[in-house]
Each structure stands twice: as structure tokens, then as C-alpha cells.
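So, here come the structures, one by one.
Each of the next two complexes has chain A plus one more chain, namely chain B in the first and chain C in the second.
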Partner chain A sequence: MSATSTMLPEYVILGTLLIAMLGIMVSRAHSTLPSWIGLLGTIGGLWATADLWSRHLKPVLLFNQSLSVDNYSLFVDFLVMIAAGSTILLGWQGEREHDEFPVLVLLSALGMMTLGMSANLITLFLGVEILSLPLYILAASHRDPLGGEAGLKYFLLGAFSSGILLFGLALIYGATGSMTFTDFATAVSSNSPILAAGLMLALVGILFKLAIVPFHMWVPDVYEGSPDAVTSFMAFGTKVGAAVILLRFLAYGFYLSPDAWGPLLGYLALLTMIVGNLVALTQTNLKRLFGYSGIGHAGFLLIGVAVHSVVGARAMLFYLLPYGLAVIGAFAIITMISNGEKNVTIHDLEGLAHKKPWAAALFIVFMLSFAGIPLTGGFIGKFYLLQAALFAHQPGLAVGLVVGTFLGLGAYLRPLQAMFRHESNEQALAGWNVNWAQIVVLVVAVVGTIGLGVYPTPVVHMVNQSANFFWLH
Partner chain B sequence: MVLVWLLAIPLIGSFVVLFSGDRAAKGVAVGFGLIEIIAFVVLLAHGPADINVPWIPEWGVRFHLGADGLSLFLIGLTAVMTVMALFASSKTYRRSYFFWILFLEFGMAGVFESLDLMLFYVFWEVILIPIFFLLTGYSGSRGRPAAMKWLIMNLVGSLFMLIGIVAVAVLHTQPFGALTFEISQLTHVPMSAAVAPWVFASFFLAFAIKAPLWPFHGWMPDAYSDAPAPVTSLLAGVMSKAGIYGFLRIMLPIFMPQMRQYQTGLLIFAAIGLLYGAFMALRQKDMKMASAYASLSHMGMMALGVFSLTEAGILGATFLMVAHGLIIGGLFVVLGFAEERTKTREIGAMGGLNDDAPRLAAYFLFFALAALGLPGLPGFVGEYLIIQGLVAHDVVFAVIAGIVLIVAAWYMIRLFQGVMQSVRKGPRILDLTAMQVGYIGTLALLVLLLGVWPAGITSHAAPTLYHAVHLLATKGGASS
Partner chain C sequence: MIYINWVVALAAILFTVGAIGVMFRRNPLIMFMASEMMWNAAALVFIAYAREFHDMNGQVMAFLIMGTAAAEVGIGLAIIVSVYHKRHRLDIDEISRMKG
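Let's look at the complex of A and B:
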């Protein structure tokens, strides 16, 4: 097997992207052809990933050590395929008039996959940019004032953070004379102030993408203004991309000096868990609510990085899956209510339990998974993160996790109680609309969420093989 | 295998109910409840059972179910009281109500069967959800805030217990290597003086809130009084036992040195709850509220038995858990009958129901007498054993428990007089139907059986508890 054929999933997505673009040219306007191509492409990508996984290949470094294809990157490919596929499905109806929608989603997914493989500074920056640029366009694709604001805000702040990231990467290169992550730790000047400054600036750039407090200001407005399907992609896919590159960057490049960044990330994680969930309590717009609670979840993810251990890495990688499944499930319900036209608030859920009991039941499952109640995947994820925090002798992080969970639960309970309110307002479910694509997403999300909660062993096993950073303790 | 069926039957039943129509829901649910009782009888015939298979091997989490002298009769209590609650539920409730009741049975049976801490925690939290939705969707005007209070208070407890569980397992790895959550293997966890109080507190808080024990009963009054009567009977009869069961199953084996260390404080705690509940029950105007505080007082009594750390006291608490579950559950069902007929819970607005409904009054009197601990009925046996244990440890607490027994007679008789005797105030009411007599009478017979033949439980429970008390001697040093 040649070295480059281990990148089959990426090539599949790249090819699909190009074919979908051709598809737009040959089909009539607003046809579903590009979406079909994109969907088949993600299924093909999933198949290619599963095929590579089943071969138990040794990790390979490609292109002069700039990309590392290993179980870690393959697991990321799985996650990104789920995110991209579900996004295309969620936008099946609502984004119909934007023919370029599946193409841009796949391009952004390619950026995330690059981040999963990235092993040097150039691919890191390329991945971040390929991820971000299509999202800027997608955020503004609805030409209403909110969408415009979202796109512009996201673009300006994103460009600014990319600049900071690039400056940090340049300083690291200047201090170490190498682009490759694994060279940093052993570089002669490993405790030079320039390297420290570079690390801090690079961290700011990545933490911005992950939406860690205090770099989270863009999230609520961008989530609110973007189309529903795009928001679900940002909430799931962007978090995957940013979290996995943060982990690989630090675990490969700075494993010898965890004191320089571990405590800092620990405090940021605490702050993020508390602030994100606390502000989520006050939101009435559902997308803003998920935006803030997503910030809280990013704080949970950061625990796994901050403890700097194999258990932490595995816990973080695991947590991405139940979180993402709950996101796509919840957004499937939101797209059913909004029908691509309005911004869904808590009041729009009133009476859902009486009028659409099945949708309400599924929504309950996703909220409970977010909140980390047993028999859902979210609980197993939190349990894993707690193990990571306590194995690292960080009871503070464990308590922070619990307090954040608790605050988050308060935020999720408000939509739940609204669903059971009898006095529903007339317009609450006026635009209710279901199509097969949303049902597919719902089925995948609910089966995955409950399955992970009841029998997580296969995924735990996969994660253990993926984040095999044996040089950490 | 019976143990798995005991979990599977209510779970399958709950989903069958969900897929059946609203009209058939009650019948289907009762059917599954009865099958569960048959499964329990099979378990009883086979005696102690154990199932142990890996669940998440990477973390040493095992699907370990067991039924021994401690849990066997609590599983039975769950099965019996669920059927009672299902019978007593109104036919007009929609299927989601019956779904949640059966799901609650699944969770409670799981709590009593689990022998793996992680598995125990899973079921422990599963219980929260059905009760939350039963309170939100099917209770009176204060149900919604009661549901919030219930969930928030219990989650505070259980989330910190989750840290405690992981901490115990992590501490266990330090001398022993592998990660495990088996309760029986965690008994030898060495804990430093800096860590032990925190871990102890995390477990204690969760169990004390669930029971509830004073002063962690904030969620209780609204939830007990505003929930539909069948739900209250499940809450007070079965769910509250999970807290005391946690003390016996988890805290005695793992935290014996700490239990000894804090014993006096814990006893004072429980005694205050005992007194507080009794006197609050005396001054309630709402009959469900009075019974709720009576139940709080009884929980204090059980806690006293556990914290006496004597064989008799612990055995008494174990017995009283089952007896009290049947009695208080039955009492709340009977109160539900009275409320359904008079449309009020005010003791002052009732009275004289005796004239119209002698059968209702008879069952009311029976359960009230059982609750106040009349000799010949099972409440007395449990309380006697607990007081015996307390005398062995410290006679002061025995005296307090004795005094409370007198107060208990007072508040129960007051409740009976207020509701059933005195002058009739409202319109005529109907007596119990044959159906209602059928199931409440069966429950009364069960209570009577337990009262005259307590050895049926104690002879099973004693060997298990002997093991626990044996730990007292080996881990906590000689008895003081």
C-alpha cells in the first residue's frame, strides 16, 4: 500500500467536492443533485476510513513529516464525516436555494480532516484556514441583517485570530528553527522567551476557534445569525477540528514543558465551564443557548488537554462524539420547528410534548445527553473526563466539571419544561415541517446517543487505540 | 438470569406501554407489573443470585447484579408497590404517565440490584428522570417548582457522589493497580486523612438528600404533597429507601473507619431529623403533608439504626425499610382515595368520612396504626430492633427514639380523628370499590404477615448483615 493511499478519505472528499461543483454546473438551479453527491461522498469517506481503520496500519508521516496518518487522524475523520454528512442532510430543504452549500461544507470538512492529520506548523495553519474560509461564507449565506452581521463578525474576528496564530507560529519557528511539532521539545532553545511568546500566541489562535472564554465573544451572534444547518456544523465540526489540533500540537510539541501551559489551560477550562453554562441559563433563543452551552462543553474538552495525560487525551477524544451526536440531534429538531425561516426561541417549544410527542421525546434524550445523565453518551463522556481529572490529582477540575454540568442542566431544563406547558401559543409550531433527511439525522443521533450510553465499550476501545500518546504518563 | 429479567420486564413494559394506546395503557402497565411480581417470586424461590459480566472492561466497570439478604426484599418491595401505584392510578392518565412509572420501577430495581458502583450510579440517576417528569406533567399547581427542586437538590448530591465514586476507584489503583468499581473490592481502599472526609461527605450528601434526612429534605414537602397519590406512595415507599440502602450497601463497607469517627455526630443528625419530622407532622393542616413529615421522621429512625453500628440496629433498619415501604406506601394510597373523593387535602375541611365510607376508614386506621408502630404490626418490630441497638450503643438516643414513638402515636391518631371521625363537613362520598378493596386489602395482608412473621425477612437478612457488622470489628477496631 503506497504512502499516499492512506489518505484515501481525504481524496474521496476532495473528489466529491470537485464532482459536486461540476454537478452544480450541469443541473438546474436549486436541484438536490449537489447535495446527493455530497452525501454519497461522505458515505464513501466513512467507508474509506473504516477500511483503513480495519487494516491496523502503522502510523505514517507523509509529505516531509507534515501530515501524520494514524488512528488519531482516522478517528477524527470519522467524527468529521458524521458532522459533514449530518449538516448536508439538515440543510437539504432549508439551504436548497444555495447550490454551493454542500461544496462549502465539504471544503470546510477537508480543513478539519487536515487538522486531524497535521504534524507541522504549515499544515496546522492551512487546516485552520481551509476550515474557516468556507464557514465565513456559509455564515452569511442568508442575506438578512442577522446573517450579514454573523458573517462579518465571524470573518473579522476570525481573520484577526488567524493573524495572531500565524504570528505565534512564526515565533515558534524562529525560536526552534523547525516546522515539525516533534522537534520543538528537543530544540536547544526550548525555554527561550520567544518560544514561550510564540506558544501563547498560537494557543490564543487555536482557543479562539475552540471558543474558550475569554475568546468566545463571537459565538452567540454568529450562531444566532447563521442558518441552522451551518450552526450545527460550527458547533460540532469546528470544535472537533480545534480540539484535536490543540491536543496534537501540545502533546507532540510541548510534552516536556507542561508546566508552561497546563495550569493556564486548567484555569481557562474552569472559567469556560462556569461562564459558558452560567450565561446559557439566561438565554431564550435556542441557538444562542446552544452556543453558550457549547462554550461550556469546550471547557469540558479543555480538561482533557490540560491534565496532560493519556487518559485526558482519550477522554477528550471520546467526549467529542456524544457531544456532536447530541448537537446534530437537537439541531434536527430545531430545523423542523424553524423550517429555515425563523429563529427558534424557548417559547416556540411550548406544547411540543402534546402536539408532537415523538419529537419531544427525542429532544429530551439529547438534552439529557448534554446534561450528562446516565444511559446517554454524555454521561460516559463526563465520567471519562472525571477519571482524567482525578488521575491527574486535579480535584479542582473535577469539581468545576460537576458545577458546570449542574449549571448546564439548569439551562437545558428550561426548554424541557416549556415543552410540557399546556398553554401553547398559536404560532408556536406553525412552521412545523419534517422531511426524510432530518429523520435520518435524528435516527443516527438517537441511536448513537443511547448506544454510547448503554454499551460504550467499542468506542472506548477505539479511542484507546487512537490517542495512544504513550510518552505522556 | 432472573435478576436481568427483573430489570428487563419493566423496561420492555414501559416501551410497550408507550406504543400502545392511551386507553390500554393502564391495563398493559398493570400486566407488566404483575409479571414483575412473578419474576420476584421466582427469585425468592431460588434464593441469593448473582450475575457478573464485564461492561466497560477498559475501566474495570462490570455489569454486576446481585440479590442478597439486604436487597432481596427491597426488590420485592419495588415490585409490590409499583403494582399498587399502577392500580391506584387514574385511568384517565395518558400513556406517558404509565411509561414513566414502569421506567421508575426499572431504575429502582436496578439501584437495589447493583453491586458495581458505576452501575449503581447509573440507576441512581436514572431514577431522577421519571420522577421529574411525573412531577412536571401530572401534579398540582406546585408540581413544576417541586420538580425543579427535586432535580436540582438530588443532582447536587449525586454529581458530587460521582466525583466520590471515581475518587475511590482512583485511590484503589494506587496500591492495587487496576481500576475497579466493585463495591466488595473497594472495601480496602486506603484513604489519607486529607482526602477521606471529602470522599465520605460526597457519598453521605447524596444518600442523605435522597432519603431525605433532615436538613436535606427541602425538596420533600412540595413533591410529596403535590404529586399524584400513587407517585407519592412510590416516592415515600420505595424511592426513599434507596438513600438508607446506600448507607448500608456502600458506606458501611467502604467508609467504616469514617463512620466510626463521626458516629456521634451522625447520630445527633438523625435524632434531630427524627424529632423534627415528628413535631412538624403534628402541626400540619394538610393530610399528605402530615404523612410526609411522618415519613421524614421514620427515615430518621432508620438512619439512627444504621448509625448505631450495632448488629441489632442495622438489622432493625433493614427490616424497617421494607415494612415502612409497605406501610407508608399503603397510607399514601389510602390518602389518595380520600382526596379523590373529597377533592381536598385540608384536615380541617374533612371529617366524618367514617360514616359514609367505613371500609376506607378501616384501611386508613390499619395503615395509621402500622405507621405509629403498634405491636403485632411490622413497624414495631423494626423500631424495637433499632432501639435495642441504640441501647447497646448509647442509651440517650434510645430514650429520644422512645419519646418519638409516643409523638408518632399522637400525630397519627390526630390525623385519623381529623379525617375520619368528628363532624361531617362535606357532601356524601362513596366507599371503596371492590377493586380498590382487592388491592389495598392484599397490601394490608402483606403488612400483617410481616408483622406476625418478621423472621421471614430477618432470617434472610441477618447473614448478610453479619458480614457487614463483622467488618465493623475488623476495620473499625473494637466496639466502643
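Let's look at the complex of A and C:
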């Protein structure tokens, strides 16, 4: 198989991105043409991914072993297409003043897809940067002071964390003499101090992107100041990219020395689950609340990496999907309330259950999926993570997951409680606005969330095939 | 003859100076400059080891770091200038309004 046909999803996105740029040039300002091109491109990418998946290809290494196309990378492509498509739809109206919005979203999605395929240090670094650079612009794209502040904070901490990551990668290269992940384990004895220092610095850099406590401080401010659609993209897409590269990097490069990083990641997962969900309890701004809950969910995802087993890899890959679907659904409701103008607080939800019962019912579904209540996808995901922790004889992680889930439940019940309160706030729901694009996202999110909760078998099957990469060292 | 360890030690010093600069300076421009220093320290390590191993991968990586850093400068300075236009101050503690 040639590179052109095995990397078809990436080429489709790249082509779409260039055509969308041309579309911006030929169309008048604020037209929907670039968004339509972007949306069609993500659907085309989804189709290309499904086509490649259905052919049951053997894993292919491309470009001197820098990219590995296998079921793992195809599953990541699938997740990223959902994230990018839903972001373009959520920004259909609010981001219309920024014509370049769909182009930047697709460019960032390309970085996430690169991270899914990455098999050496060069593509790891390039993937992280292609993911981050467009997001800095998107975070700063609102012309109010909060937007500038969000962009500046994200940019400075992003550049700082990339510097740490890069120095770690340089030390790993120095200790092993190779750029390819699979060479690290065998190149040198694992107790070389330079290799240990490099691994620690590289892990810090990736954990910054994944927003693990204590490297999470940028998340709430950046989420609050960014436009709603961009926040949903960060909450879903960035987590996908950072989590999958962390898993592949450790499972390919350091599978012989899991004792060097497994316990460390386990303790960080425990800390992140507890702290993220605990601080989420006190938030009143909904985007900050989702920021802290996203930190908590990053802790749950980290369990799957820390246990270092194929069961953990499957559980982590599965959990990304229900989490992402709940994120895009909840943010669709937020964009309906905010209408792209203001930050939504819990008080803005008051009376939602009386005025808009359908929207309230959907919001409840997404909150319950976040919290991990049965019959939603979040429950199945948490169940698999719990199973992974117990199979690896890590009862501490299992207990932490349960405690974090209960704390999270408290955080998600507060907005629900506000919805059923009789409104004292006359301004609540004043800017209510629905368009077809948000309806599409809501339908996809709710069908996916309930579908995963009731009949997860097809996705479990896909995830099992994706996690087979674990044995192909 | 320059030993590889000296070069790596120099890069480690540059990296530490950059990290301290990001953490303790309050002007976004200086913080950005300090983080670029961390990137360049990493590029130095890549080049030093590439010479040691007679391997081109490290040099390729150094070029990619330079290219990416240039892209990052373009975006970063644009964001810093747009924030400066609104506030007419460049102090990270004064710019910061979001808390909690």
C-alpha cells in the first residue's frame, strides 16, 4: 500500500483545508462557504477512515518509520473527525465573523491525527505543535479582553511546556541514539540517568497538554476566555491527541521498564481525579466547571495508561468517545444559551426545565454521562477503567476512580438543580437562539451517548481491534 | 576537542535559565523570549548528539525546531500586540482578570 492510500483521511483534511482557504478568498466576508467546505471535508475524512478500516489492513510504517498507520491511528482519526465536525457546526453562527475559523480547526485536527499515527520523536513534536499553534489563535480570536488573556496564557504556557517536552526528547535521543520509539527500549540499559531525565521531562511536557494536576493551572482560564466552540474542541480534541500520544509513546518506547513510569502516573491519576472533581464542585461559571471536570476526566484517562496493560489501553480509548460526545452535547446547549456573547453561569440555567424542557432533558443526559450513571456511555467507560485498575491489582486507582466519580456527581448535579429552580433572574435565557447546526450536534451527541450506554458492543469491538497495537512492539 | 558532556551541560544551563525566566519574569515578551531559549537549548542538544552519532536525524530535528519556533513567534507576537492594544500595559499579573 502506498502512502497516498493509507493516509487518505489526512490527505482529505489537508486538501479540504487548502480548498477552504481558497473559498475564503473568493467568497465575500462572513459567508458560510468556508464552513460548508470544512464540514464536507470532515465527512469525507470520516468516509475515508471507515473505508480504510473496513479493508482490515496490516499495520504500515511510513516515511522511515515516522508514521504508523494501524487500527489505533484510524480510531483516533474517527474521534478527531467527530471533534472537528462538531466544532465547525457549533461555530456556525457565533464564529461567522472569523472566516478563518474552519481552516484553523482543520489544521489543528490534522495535528491530532498526526499524533495518532506518530511513531518517532520528530512526528511527536510536529504533531504537538500543529495541534497547538492554530489553537493559540482560536483561543485569542474573541476581541474582548478575556479572549486576549486566554490566548496569551495558553500561548505562554504552551510554549513553556513545548520547551520542556523538546528538551526531554533531545535527552532521549542522546541516550538512545535513535528517534524511533521502538528502538528506545532495546538501545540502552534503562537505568541510564540521561534517559530517565529525558523521559521525565518529556512526560511533563505531554501531561501539560493533557492537563494533569499539578500541570493543570492554565485550563480553567483558557476555557473561560475562549469562544464556546473552541472550548469544546480543546476539551475533546486536545485530550484525544495528548492521551493517544502518551499511550503510544510509553507502550512502544518504554514497555520494558513500566516500573519507571507506571507508579508515578498512577499517583498523578489519583491526584488529578480527586482535585479536578473537588474544585469543580465550587465553580459557578459553566465553562470553568467543564474545565475542572475535564481535568478530572483526564485523571480517569490516565488510569488506562498507568496500569500498562492492553485492558487499560482499551478502556482509555473507549472512554474518549463517551466523554467527547458528552462534551460536544453540553457545549451545544451552552452555545444556545450564550449566543456567542457572554459567559454562561449556573444562574443563567434557572428556569430552563420550564421554558425549554427538551433542551433541559438533553442537558441532563449529558451531565449523567459525565457523572457515569448507567444507561449512558460514561458508565460503560468508567466500568472498563475500573476493570482495568482491578485487573492490574491497583485497588488504590479503583478507589480513587469511585471517589472522583462521586465528587463529580456532586459537581454535575448543581447545574441540574439550578435548571429546576423557578427563575428569579429575568435576564435568564434572554439570548436563547437555536440553529440547525446545533441541532445536528445535539442529535449526534445524544444518540451516541445513549447508544453507547445501551449497546456498546460495536464500539467495544472497534476499540479491541485498535488496542492490538499494544502487542506489536 | 569539545566533549559532548560539556555541550549538554551548557544546554542544561541555558534550559534552566530559560525555565527560571518564564517562572519569575512578569513581562510576556520576556517570558516568551525565555521559553524560546529553552527551545534553543533542546536544539543544541540535538545537534551535539547528531554530531556524536554521525546521524542526520538530530540535525533535521534542529531545523524543524527553528521553523516551528518562527511560526510560534509570528503567532505569539500577534497575540501580545493585540493584548497590548487593549490594556497599554504588559504585566502578566495586571492582565490577569480571571480567577478561581
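By our rule, the second predicted complex is superposed on the first by the 462 of 473 C-alpha atoms of A that agree within 3 Å, B and C clash if a C-alpha of one lies under 4 Å from a C-alpha of the other, contacts with A are read in each partner's own complex, and residues count from 1 in each chain.
Note that a residue touches a chain if its C-beta (ideal position, glycine included) is under 8 Å from a C-beta of that chain, and two chains touch if they have at least 3 such contacts.
What you see is a predicted model; the values in this text were computed from it and never measured.
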{"item": "Touching partner for A:L413 - first (chain B), second (chain C), both, neither", "value": "first"}
{"item": "Chain A: partner with more touched residues, chain B or chain C", "value": "C"}
{"item": "Which superposed partner A:F125 touches (first chain B, second chain C, both, neither)", "value": "second"}
{"item": "First (chain B), second (chain C), both or neither touched by A:V460", "value": "first"}
{"item": "Touching partner for A:P395 - first (chain B), second (chain C), both, neither", "value": "first"}
{"item": "First, second, both or neither for A:G163, with chain B first and chain C second", "value": "second"}
{"item": "Parts of chain C lying in touch with chain A, wherever the complex brings them together", "value": "4, 8, 11, 15, 18-19, 22, 28, 31-32, 35-36, 38-39, 41-43, 45-46, 48-49, 52-53, 55, 57-58, 60-61, 64-65, 68, 71-72, 75-76, 78-80, 82-83, 86-87, 92, 95-98, 100"}
{"item": "Chain B-facing residues of chain A, complex", "value": "353, 357, 368, 373-375, 379-380, 382-383, 386-387, 390-391, 395, 398-399, 402, 405-406, 409-410, 413, 417, 420, 455-457, 460-461, 464"}
{"item": "Chain A - residues contacting chain C, complex", "value": "121-122, 125-126, 129, 133, 136-137, 140, 145-146, 148-153, 155-156, 159-160, 162-164, 166-167, 169-171, 173-174, 177-179, 194, 220-221, 224-225, 282-283, 285, 288"}
{"item": "Chain B - residues contacting chain A, complex", "value": "55-59, 96, 118, 121-123, 125-126, 128-129, 133, 136-137, 144, 147-148, 151-152, 155-156, 159-160, 162-163, 166-167, 169-170, 179, 198"}
